[in-house]
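Below are two complexes that have subunit A in common, paired first with subunit B and then with subunit C.
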Partner chain A sequence: MASQSTALQHHFENAEQQKDASTIGMWVFLVTEIMFFGGLFLAYMVYRQAYPAAFASASNKTDLWLGAANTTVLICSSLTMALAVHYASIGKKNLIVLFLVLTLLLGGTFLGVKSVEYHDKWVHHEIPGANFECEGCADAQHASLFFACYFGMTGLHATHMIIGIFIILYLIVKARKGDYGPEWHTPVEMFGLYWHFVDIVWIFLFPLLYLIDRSGGLKG
Partner chain B sequence: MITAPSPVLTKKNYLNEAHSLKSWLLTKDHKRIGILYLISVTFFFMLGGLYAAMIRLELMTPAGDLLESNTYNKVFTMHGVLMVFLFLIPSIPAVLGNFLLPLMIGAKDVAFPRLNLLSYYVYLAGGLFIFTSLILGGVDTGWTFYTPFSTSYSNGYVLTTGLGIFIAGFSSILTGLNFIVTIHRMRAPGLTWFRLPLFVWAHYATSMIQILGTPVVAVTLFLVVLERGLHIGFFDPAYGGDPVLFQHMFWFYSHPAVYIMILPSMGVVSEIISTFSSKKPFGYTFIAFSSLAIAVFGFLVWGHHLYVASQSVYAGMVFSILTYIVAIPSAIKIFNWLATMYKGSVRITTPMLYAFGFMGLFTIGGLTGLFLASIGLDVHLTDTYFVVAHFHYVMVGGAIMGFLGGIHFWWPKITGRMYPEGWSKLSAIMVFCGFNLTFFPQFLVGYMGMPRRYHVYPPEFQVFNVLSTAGAGLLGVGYFVPFIYLLWSLKYGKLAGDNPWGATGLEWKTSSPPIHQNFEVTPVVTQEAYTYTTEEVAHIG
Partner chain C sequence: MADHTHHIVPKRVYFAVFTALIVLTWVTAWISTVDLGRMNLVVALSIAVFKASLVVLFFMHIAYATKLTKMIVFSGIYWLILLLFITMEDIWTRGWMGVPGR
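Our next item is the complex of A and B:
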């Protein structure tokens, strides 16, 4: 286990100050992320409001079961991540590695399912652009905006997942060396915040893109 | 006059502790990173200035005789893009903020030194993208990238430029993040929030805007890039997309961005005015909170760019009122600075000249902003030279005056040497006169109806344009002279000593130039900022 003195950078007075700085920094970063996704959420809201019929019928093209399965996968990955942070804080090296690996696998599963969904859209020409088609869509001309939002939002989310997976790999390597323990495990904790954030974004995306108007009960 | 002991250069300081190129390019020292930024922003400023010169030369005559209309479009676009994204936004925060924040709060460095270095390289990468598009043939959309022109019709390099701004934006975000954490967690013992220098408050407010606004413009430009590359239809009316949505998202950042440029400048002016009046700023808390108020209200006024862009009149009225409200915290600052000088022992130094210039030019820029905030008048003035003059008074008259004032004020701290007094005063006066001669006629000619972004205009406007071009020449010389003498002073300038101005900030308590760790011993603060003791006042003589 790395001792406190090697982990403490020269410009901090003590470990507590260093950890506080990391924590505030991470939360501020998550605020910028909210603003970053916020632009896309805004576009989604504006266009959903402008073209309710197109959005309602186009959102029925999403695969509810794959989306729901992915939601479950991601929530489970949040649990494994939280456990990894917990075991880092009590210094159980093998368990840190185990739960990081599980998180990695669940994240990978999510991306795998996502790419199946993307492929499905590709096959059905449901990708905005010259060859766009939306079979049986009401207001098909504007349905492509739904898919523009769909790909924009899930694409940005998936990008965050991919970046996250690379960071988990790094954390696994470090954890195997026994770098994280009760005195110092800030990277694991900070990455936990990031991972939960990415999960929460999905918790918003799932209803917005898959669920609203599914029953046909809500009419814009 | 009491003769102070003759100053000596600190033997070992941040400049000479290592000499290799690597020690500069991979430095994690906030002071060296500040210097790297200084070199880079100066380069982009000169490049942007070159484009400004081309604009002014073209506009000397009513006919389009120097540049073709397409070329002219590219020239004013590159001028705007370079100046806004690569010079004005990073100028004070990334150069002076980086150098001074840790010194002012008694810290050894910013909270995340590695991230700080990363921000610099992210900035350079963004600059490289923009520079590449410039080499390839430029972009002609104006710095605002309005859709659908930018996404469907422009023949310029919108992709590379948009990506460049997207990337540079992350540098700005990371710098803001770093400063916020630094101010929260790195303050020296005893340095409570209300003992902080006003420069720090101004940078805190600036950082808030950087972290809240910049991600939005980043995602907006990203959508423009996607739209242009893949035609997904976000802003394309053919698919039901709304081009005005782009304007909302763009101005949600780009209006507050003006405050990213002006707030740090106000911080600089607060420091200069207090120091050269040897007096505590009048209404410290008012100045501090007015910075935050400007940051908050600055986010609620973007709609005043859309009065003529299909926005509802009722929304327009709300935005109009909110825009008027921003004038209040801005005016608070101006009046407090004036009150600070009242009965102070005012010294007319070069930084002080720049601070005076700031107050005059920013007041004109701010008040003409109120003209533009009123809906009726704005319909007449939209897209005329009146707007161009207004925002140059704020962004150049305000931000660059503050930048130059700050560079002169802290030059002795940064380099350990003084700049030549006579030349610097002369150039400060040249900048002020040249600036007014350049931009005041533009108010008049804009009010008469000359539109912006055209290189051909009716002959009756020529006299104003000739005046403006003449002023630009003077302004250019005024900017160039400091470049020469500041370089000269690096070697030949008089040694400055630790505190040549009798200023009170912690940055003046350490040596000039500061040592690598900033302070020999972490300072302990026991009193409010700007407590001028007899010792410091006597030092001035």
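Our next item is the complex of A and C:
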């Protein structure tokens, strides 16, 4: 199996050109992902500038420290992913598997914390719809727009992570067979790009969704 | 073409980037509780852009990538900025003209 995958395909000049083509293809995909999330970021910007008070008070309903802790978990998973790619490039089979498993566990932890937060929103009727409530919100009617953005953006982000977790499982199976080494580990490296991209989306979601007007300055 | 694809980033680079990302996460969370007025948003977004740049350059190896790959990344960010800013220019300036319904 490994020898088939490492084989240079006839339409490439050499292994390096083949690798460059994969890298470029992956980045073109990530550019489409930027635009995919970009639409949601745009909707968020338009509504936030239209209803600043509603967004400020609704944002204060999120758990700041749980969000910061979850950001930390995701950054740790980015480090373990970078190390998995590193060990793939120097051909340390057991360490590739170890760091892929750690990435999987940290990704699972992130989703676990996220589900606790979603449950909290459910209990407090903070999900947009007929039963929406926002206790003590400045502009409860438009606060539901904040939560629509919150669930839309974190939901799309979480969907990407769930897809990522299935791909990690596949990579772990392949890595255990010894398919990845210094001469060929393109799938590990390309998945690393995807995983770091998902991390970057969260790096923007955290301040935009959790950190609006935490000091209460807008009210004064 | 230069020897790009065999470039192995030293582990200490990853650990340095990781440390910066963790520290900045907690700095941005803490500083949001300090009242800086409109600057709160500017500070939060500046930290986010800096963190994202670290991830792109080092975790995603763009600092060591070919020019073509760099160009593709740049074009993606450029189009995102067009999307966000041209739309917001419209939204921000509508009030100037007294458009009905605003």
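General remarks:
Here, the second predicted complex is superposed on the first by the 210 of 220 C-alpha atoms of A that agree within 3 Å, B and C clash if a C-alpha of one lies under 4 Å from a C-alpha of the other, contacts with A are read in each partner's own complex, and residues count from 1 in each chain.
Here is the rule we use: a residue touches a chain if its C-beta (ideal position, glycine included) is under 8 Å from a C-beta of that chain, and two chains touch if they have at least 3 such contacts.
Just so you know, these numbers come straight off a predicted model, no measurement behind them.
Judged by the touch definition given at the top, the superposed model places A:Trp122 against neither subunit B nor subunit C. With both complexes superposed, C is the one of subunit B and subunit C in contact with more subunit A residues.
By the document's definition of touching, of the two partners only subunit C reaches A:Ile90; subunit B does not.
In the superposition on chain A, contact is made by A:Ile24 with both subunit B and subunit C. Judged by the touch definition given at the top, the superposed model places A:Leu193 against subunit C, while subunit B stays out of reach. Judged by the touch definition given at the top, the superposed model places A:Leu145 against subunit B, while subunit C stays out of reach. Once the two complexes are overlaid on the shared chain, A:Ala68 sits against subunit C while remaining clear of subunit B. Legend: residue contacts after superposition of the two complexes on their common chain; A:Phe36 is shown touching subunit B, with no touch to subunit C. Looking at the shared chain after the overlay, A:Pro207 reaches subunit C, while subunit B stays out of its contact range. In the superposition on chain A, contact of A:Tyr170 is made with neither subunit B nor subunit C. In the superposition on chain A, the residues of subunit A contacting both subunit B and subunit C are 17, 20, 24, 28, 31, 35, 38-39, 42, 46, 50. Within the complex formed with subunit B, the subunit A residues making contact are 9-11, 13, 17, 20-21, 24-25, 28-29, 31-33, 35-40, 42-43, 46-47, 50-51, 54, 128-130, 141-142, 144-145, 148, 151-152, 156. Touching subunit A in their complex are the following residues of subunit C: 1, 4-6, 8-9, 11, 14-15, 18, 21-22, 25-26, 28-29, 32-37, 40-41, 44-45, 47-48, 51-52, 55-56, 59-60, 65-66, 68-69, 72-73, 75-77, 79-80, 83-84, 87-88, 91-92. Against subunit C, in their complex, subunit A makes its touches with residues 15-17, 19-20, 23-24, 27-28, 30-31, 34-35, 38-39, 41-42, 45-46, 49-50, 64-65, 67-68, 71-72, 75-76, 78-79, 81-83, 86, 89-90, 192-193, 196-197, 199-200, 203-204, 206-208, 210-217. Residue ranges on subunit B touching subunit A, taken from their complex, read 107-113, 173, 177-178, 180-181, 184-186, 211-216, 218-220, 223, 226, 230-234, 239-242, 245, 249, 517, 522.
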